[in-house]
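All chains are identified by letter, namely A, B, C and D, in their written order; residue positions are counted from 1 within each chain.
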Amino acid sequence: MEKVKELLQLDKEAEETVSRLTIHPHRVGYERSFYNDFGLRGIRVDKVEPGFVSCTFKVPPRLTDKNGNLATGAIANIVDEVGGSAIFVIGVPMKVSVDMSISFLGTAKLGDELEITSKALGERGGYAGTLVHIRNKATGELIAEGRHSLYGNESSKLLFGNQSSKL
Amino acid sequence: MEKVKELLQLDKEAEETVSRLTIHPHRVGYERSFYNDFGLRGIRVDKVEPGFVSCTFKVPPRLTDKNGNLATGAIANIVDEVGGSAIFVIGVPMKVSVDMSISFLGTAKLGDELEITSKALGERGGYAGTLVHIRNKATGELIAEGRHSLYGNESSKLLFGNQSSKL
Amino acid sequence: MEKVKELLQLDKEAEETVSRLTIHPHRVGYERSFYNDFGLRGIRVDKVEPGFVSCTFKVPPRLTDKNGNLATGAIANIVDEVGGSAIFVIGVPMKVSVDMSISFLGTAKLGDELEITSKALGERGGYAGTLVHIRNKATGELIAEGRHSLYGNESSKLLFGNQSSKL
Amino acid sequence: MEKVKELLQLDKEAEETVSRLTIHPHRVGYERSFYNDFGLRGIRVDKVEPGFVSCTFKVPPRLTDKNGNLATGAIANIVDEVGGSAIFVIGVPMKVSVDMSISFLGTAKLGDELEITSKALGERGGYAGTLVHIRNKATGELIAEGRHSLYGNESSKLLFGNQSSKL
């Protein structure tokens, strides 16, 4: 039990580092949260087309795990946020994440530049799927492939046009 | 494009908040990273049995999204870390996450107390599966159910005994 | 290319075996299809509670793969059908499968008796999640764990009562 | 309980249809099984490149569900088999499926011609990932997107060369 506790719980010093973080309260429903900033700060949106988003992101120190690689949780956050942005339509309320599935096929080191693409796959009723690829920009190596499904009451007709599927 | 940029990229003020974060460099390979601290600080390990871990966690401000709910990425991080801890065995090198899949079935608000359980499902060769449930401790509502697969060169015989499957 | 063709395409004799199958046309929308019969014939429903179904199934020759194990596709079919049955409510139109995710943790041999349980996890709007476990009934070994998400226009209030989550 | 029994269990007549199926015993370990024939008969391999396979398949009556659509289980079987074929290398023992995850984004009707592509994503040690897309050939609509992870003791160096990731 001690070993697992050590693995999951933090020591005093570490706790203090995080506790010194002053999280500015954000207005709920407003576009930003500290968590959002923490996970995406530095990301650059390179290209936006209907149902497609491409970004560049350099692995920062704050998102590395104990081995110095981009943390699994940080990858999941990217799949969530960049995936969701591909189905974002002006005036349509954001959908809620309902399913996420990721394969981790490689590792990204501190400072590696990543290319992140997200593609809307299609939708059924208020349910929409997106596909996210995270690659090492220099080598082309696939770091992770994620699929992310969202659900909302309104469908985003603008994005899928004739390709949208019917229930 | 501007809308998506706004969605993913941060404004000046927000950027500064995150940039003021001083990330203490950690020795690579050492158990802790800032990311680990950031995602798990405050977690309490309640119970550890072979192949089973149970924890309590109160949703902190730093992990809430723009709607004031525990962020999807933070849930994924919990599934990753607490899931991995269920197959942790003294002396066996930690495995690497290869697949993660999560259903988001509810929401957890700031201050909600969560019960997080992780169960080792079994293994095949160096491949192991774990199942993580995140519940609202007061109401019992299931917030998320995640499955997390890890891969390593050595199998953790101690955990699965006769139940381990053969390739 | 020849090797992959051989792997996926069938030889003459095998083609004839399958082509001799006379598939009785079924009325579309009616509860049964030949595929349904093919994948589930012999299953015994042991227990039904709100949001929970338990069945017994003996691995038949028709569902074994080239190694004599219950085929991956047959496992997926069980996860789909038995998972879906756990959210079945009289008078509510069946939902459509939108996401399925399975970990294959063991193997089931021809003649092995399986215990299959399906549990409704919860729902958000018209979206519902179920969890399916397939175990060797004699040894308790977990063969597969699957999650299956369905979507429909009407929610099944009867099943989840106070535990249902809100969007 | 009766309703769920009706849903999963078969009536007498249906049982007889399936029981009249004479499954020719196959030598275990041999490339073919009846299940394989049942799920893939009629598939045409159009293109094979290292780590890539493309096929055509017309939805046959035997694989349709009660609504006349290609059954969810049949889609899963295609993701399994065609996905696996993309990492097939002459002389390397076939890997075992360990994880599969599918989004069902559309439906395919009886007689629809499908384009099925499978791409090897990469590998870590003996673990490999593949991505499968199933599209309506005429309309381009995406029916399903699946990810399929396999595990084996030997890695398929031939396929990934310098892009393969290290643990």
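Simple rule for what comes next: contacts are C-beta pairs under 8 Å (C-beta built on N, C-alpha and C of every residue); 3 or more make two chains touch, one makes a residue touch a chain.
What you are looking at is a predicted structure, and each value in this text was computed from that prediction instead of being measured.
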Look at the interfaces A-D and A-B and say which one is made up of more C-beta pairs in contact.
A-B
Compare the contact pairs of C-D with each of B-D, A-B or A-C and report the one sharing over half of them by residue number.
A-B
Intercentroid distance (Cα basis), chain C paired with chain A, Å
31
Mind checking the centre-to-centre distance between chain A and chain D? Centres are C-alpha means, answer in whole Å.
29
Round to the nearest whole Å and give the separation of the Cα centres of chain A and chain B.
15
Of all the residues in chain A, which ones touch at least 2 other chains?
96, 98-99, 101, 103-105, 124, 149
Where on chain C does chain A make contact in their complex?
96, 98-99, 101, 124-127, 149, 151-153, 167
Chain A to chain B touching residues, read off their complex
1, 3-11, 14-15, 17-19, 21, 23-26, 28-41, 43-45, 48, 53, 55, 61-68, 71-74, 76-77, 80-82, 85, 88, 90, 96-105
Given the complex, residues on chain C that touch chain B span 99, 101, 103-107, 121-124, 129, 131, 139-142, 145, 147, 149, 162-163, 165
